[in-house]
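Each of the next two complexes has subunit A plus one other chain: subunit B in the first, subunit C in the second.
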Partner chain A sequence: MTATMGTPQDTGAVVRGTVPAAGGGRPARSRRSRPLITYGRWWWALPAVLAVLLIHYVATAGGAFYAFTDWTGIGDFDFVGLDNFRRIVEDPALIGSLENTLFLAFGFLIATNVVGLLLALALNRTLRTRYLLRVLFFMPVVLSPLAVSYIWKFIFDFKGPLNGVLGWFGMAPKTWLADPTLALWAVLVVMAWQTTGMVMVIYLAGLATVPAEIEEAAALDGASTWRRFQHITLPSIRPSVAIASTLMLIQGLRVFDQVMALTGGGPAGATETLATQVYKETFALSNFGFGAALALLLTLIMLVFSVLQQAATKDRS
Partner chain B sequence: MTQQRHRGLRRIGVLVAVPAVSALTLAACGGGDDDSGSGGSGGSADSFSFAFENASGGQENPWQLLADQYSEETGVQIETQGLPPDSYGLSMRTQLQGGSAPDVMMFSPGAGNANAVLPLAEGGYIEELGEESAALIPEGNESLFEIDGKVYAQPTDIIPVGVVWNSGAASDAGVEVPADESAMLDDCGTLAGDGKSFLAVAGSAPPNMGLMAMAISATRVYAETPDWNEQRSAGDVSFADSEGWQATLQTIVDMNEAGCFQQGAAGGGFDAITQGLTQGTSLGAFVPGAAATELAKATPGLELQVQPFPPADGGEPFLLASPNYALSINASADEGAKEAAREFLAWMAEPENAARFTELQGGVAITGPDENLSPVYEPVADLLSDGDYAPLPNLAWPNPGVYDALSTGVQGLLAGQGDVQSVLESIDQAWDQ
Partner chain C sequence: MFRYTKATALREVLVWAVALLTLLPFYFLVINALKPDEELLTTGSSTPPSRPTIENFTEVLTAGGDSNILLGLFHSVVITVGSIVGLVAFGSLAAYVLARTTARWGSVAFYLFLVAIVLPTQLGLIPLYIGARQIGLVGSVWGMVVLYVGTLMPLAVFLYAGFFRNLPRDYEEAAALDGASPARVFFRVVLPLMAPATGTVAILTGLIVWNDFFSALIFLGGSDSQTLTVSMYYYVGSLVSAWNKIFAIVIISMVPILAFYLFAQKRFIQGFAGGIK
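Presenting the complex of A and B:
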């Protein structure tokens, strides 16, 4: 770190306006011609810092406060201690929502990363149509999750195209979104289908940093495709793995749009997640205190898993 | 030197102006009408604001049309807010707490819905109404509009809930309205063999499942025990131990097994109902009577009627019918706006205006069936005249969670999850929350 200080790449002193003139103690540039950034003192950021603190952290802390009350969204409330959390633990439906959340989060994490990486590897260099294919695979990412979910809802409909295709093969139609054993998988498919393109782009960016010469040298030395991937490609794209997996885990844990649009949490709670339960309890059933407790729990789960995931993908070299 | 000073001043000016403009912008965005009194939305004796549910978002909404008519007749300006039904209750709660709620608001009577009026009245957000409003409350419905003898909402019309029946399609299929459950299950088998269904249901929409269960409970629970909800509130009965509720949910299971519902019913949406009814592939559906009027208007040649759900074998027909919508006044509104709001409510209660609203909404006059009764309700006219009906049960339930537990529970029964007893136990649990 210290070795780089004062090198031509170190622009900090220039930005700070403290570079001395050669052979003299006077500043190289006069006070009059200093760039505006010279005035960039810490207190310039104060309004933004205050706004973030007030709007984000204080508001979140305020929401957490209600997790220990029985507020119904209107009128007075009483402190109920940990009752809301006790109720969460004792309610099988909410435990089911937690399980669904974890299933979707980790299923989403694995599906998007595995498929996204395979797509990135396939479309990295040699294929002539790779630019067109990249666009096609990335396109779902720019669409609204709700719009995508409603299209898939039509596909999964009992009289929809998917059952039509099954019918060609003489198979019985299925109620994809109303079958408790299939509905959660259907939600996972829609989530992964829409987001895999994003993961592919992250991995493509990572793969661009892998020197082709090293791979070629390894290939000349007789290393198999798998060994080249294992020992050259994967270590080189470790930062991409960390970013993609963290983003997908968080996105999976807070899944909401797709569930609401496809199943509304049904049938009978089979696809409810913590996020949909937060919405339902807070805004549909007016249990603001209980909804805040669920939201707090979801936040803590996301925090814990994010930290664990960061630790797991940390570059130890 | 002068240039330097100017530059310095300009920099200081920039430094001061940016936060100042930001502060002004924020103040402008957040600026309320400070002179609007104690949190009301302003207004005077010749103007007020009015919020209501508007599912389609169009101008043909009955509330909008009546408000326009009132403005035309009296010259009073009404600022209307037609909001989507699914977020309406939350919007009103938020606005009432923030002091920015409209002067007149549409609510659901009782406490069982997200847009229910009584919890808001208990919180002191709703103005007490007078004798004129109290006189409109149908007998037996007082607890849905009153707290300690004080009236907080004015009913508008009665909406019957039974089975909306496609008479034309039934006639084509050679099926008559079954007299009891056994006859209905027989018809279900016959129709299923012909590729049709006795009923179209929206299995993916829990509220439709809840409405089905309530419509069936009319004959299984409320015909024999009209005060069942009061008994439940007193802790004398429970859903889990109620033979009537057990029979209600068992009927749904039996209907499912007998093929009474359309194929893929568990995953069906409201489009399955409209398509089934209008195309004649299903003979009936559980939708409010007002929706039958709307569907009939929108589909020329479609013959829809409201029928009571077939009773259990040996039972008598019985119906659900109640004022499902009511008008209330914001307690924090300005005195001028309150006065204008009271006059509007009095105008709405006048027979010719009430009749106009009833016609537009497709309901039944709040005073009971009269010469203006829509032909859609002809099969249930006698039940309505004889008082053989109970209010929609969930209006009197203590919180929205009870109806949610019933709705999702029935959805599960249709999808093969859970059993009758566990669903009833979950409803009891929601009641006691």
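Presenting the complex of A and C:
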């Protein structure tokens, strides 16, 4: 969503007494210093501004402050400098959860964008049932990640359908969610399954802006499907790529629900992520200072990646 | 060139195969929710029940305490509706002023909202939790409404501001020149025109609130005001592998949002495709 943030600039005519009305058709206004028309009152924005100041800025600053303390939620606390961060770096379990978070976020980014784009390309234009298919593919997006994860927990169950399918092919059943490597992939599959429809919809909106005539002309000139995609489609949907990849990266970095529902972080911490650790340290173990340090780390990673992503996928027009 | 050829038909069949495979989890969900206890162990996980029953649903719906699903549903509805009302009311007013003002502070305030969209909430939740605990808002439905209105306000303001910028000022000008006060212009002229933007704001923010688990678990977990997701989490945790019961809860939790989605699917999809950018 950050991609187009700056773009909708104020283009309407500014109706002020001092400024002659722009935009051709309007009659010239009399020149007075006071605005002829005021739109709304400044204090109408006050509740929203206060809410965002308090709940986003003051709270985040407060969280950053606690990250350098040893507060336990009650009573006094001391400043401990960078001790919390030193503890994070020295704890292999926490480094593991950082690695898991990055693996899930990038796996999620790649899987949803590749499959979402393929689906969008397949559904674009000609298919007769494309609207129905779009509704079906998008359906999982609206569901609660927690509820979706429970369905998949069953699918991955030792006696579940997935092992049933393996059985048909004479393969041995696997303990999907109890195996440290497989469990992380299982979380990724659930995340991607639920969100691919959203990426597809973003790409479909982008594809709708690709002019059909140019594609047709290129096809008549003998350009292959791949070359048409590379030189006509892809440049036109660059804004969609930026939006979809930024959204997925940020959503992937804060993965929490799926892990809590599928594995609870297990087996032996193999699927812990930064968000689950923030929850456990802060709200289950009451290590508010340490949990805040973890949350600060997560926040910084998210901010750095979204800035990098913006720079990398910036619309070059 | 884009005519319906044999290759297109083949593609259509192929996409349908992918779609059915993608939706297969819903098949497992439904057949297992309808299984009586004894069939859960005797029949295969992908075989439909020979004697379907709705017992699981009645049992799950009548459970009490932490696992009261109906109460959770009620709290979810109140919190979601309350948050949407707050976001629409304050978000539209703020965005309108910010989109129309030419004052310097307007763009400063707008950037305040823009940056907050990217700012993750995890860090801020810790002091908010402590603050809410001090003033007794932890475990409170209204505390949650305030929290969601605050956290989602940047998104609401951003969506409304984009809409107002593209909305011609002619009607407002005409009404103002005819002597209508700013409040009258907003409520009589702007408010009726902003219905599409309100739809997008309500759907996007409402969905986030309805499905939220992280902050709902932190602020409401173990309280009397648990939302549906939190109740579901605790209930499922207590059920171990009684999948027929678990799936009954999952279905109950999905029905309201799915019904709403199928009813307004175009708005949902447009909201995500266009509204989010």
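In this text, the second predicted complex is superposed on the first by the 274 of 317 C-alpha atoms of A that agree within 3 Å, B and C clash if a C-alpha of one lies under 4 Å from a C-alpha of the other, contacts with A are read in each partner's own complex, and residues count from 1 in each chain.
Keep in mind that, in the parts below, a contact is a pair of C-beta atoms (placed from the backbone, for glycine too) under 8 Å apart; a residue touches a chain by one contact, two chains touch by 3 or more.
Model, not experiment: these values are computed from the prediction.
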For this session: For A:Phe108, decide between first (touching subunit B), second (touching subunit C), both and neither.
Result: neither
For this session: Would you check which partner chain A:Ala219 touches, where first means subunit B only, second means subunit C only, and both and neither mean what they say?
Result: second
For this session: Give one of first, second, both or neither to describe whether A:Phe283 is in contact with subunit B, with subunit C, with both, or with none.
Result: both
Exercise. Is A:Trp152 touching the first partner subunit B, the second partner subunit C, both, or neither of them?
Worked result: second
Problem set entry | Larger contact residue set on subunit A - subunit B or subunit C | C
For this session: Answer with first, second, both or neither: which of subunit B and subunit C does A:Gly73 touch in the superposed model?
Result: both
For this session: For A:Leu127, decide between first (touching subunit B), second (touching subunit C), both and neither.
Result: second
Exercise. Does subunit B (first) or subunit C (second) touch A:Pro47, or do both, or does neither?
Worked result: both
For this session: Using the touch definition from the top, say if A:Phe305 reaches subunit B (first), subunit C (second), both or neither.
Result: neither
Exercise. Across the two complexes, what residues of subunit A are contacted by subunit B and by subunit C?
Worked result: 39, 47, 73, 157, 159, 283
For this session: Show which residues of subunit B lie in contact with subunit A when the two form their complex.
Result: 4, 7, 11, 15, 19, 22, 87, 89-90, 93, 96-97, 114, 119-120, 122-125, 203-206, 263-264, 266-268, 399-401, 404, 408-409, 411-412, 414-418, 433
Problem set entry | Interface residues, subunit A side, partner subunit B - complex | 32, 36, 39, 47, 72-75, 156-159, 173, 175-180, 263-264, 266-270, 280, 283-287
For this session: Going by the contact rule at the top, pick out the subunit C residues touching subunit A in the complex.
Result: 1-4, 8, 11-12, 14-16, 18-19, 22-23, 25-26, 28-29, 32, 44-46, 90-91, 93-103, 105, 109, 112-114, 116-131, 147, 149-151, 153-158, 161-162, 165-166, 168-169, 172-173, 176-177, 182-183, 185-186, 207, 210-211, 213-214, 217-218, 228-229, 232-233, 236, 241, 243, 246-247, 250, 253-254, 257-258, 260-262, 265, 268-269, 272-274, 276-277
Problem set entry | Interfacial residue positions of subunit A with respect to subunit C in the complex | 1-5, 8-16, 37-42, 44-49, 51-60, 62-67, 73, 119, 122-123, 125-129, 133-148, 150-152, 154-155, 157, 159-161, 164, 193, 198, 201-202, 204-205, 212, 215-216, 219-220, 239, 243, 247, 250, 254, 256-257, 260-261, 275, 278-279, 282-283, 288, 291-292, 295-296, 298-299, 302-303, 306
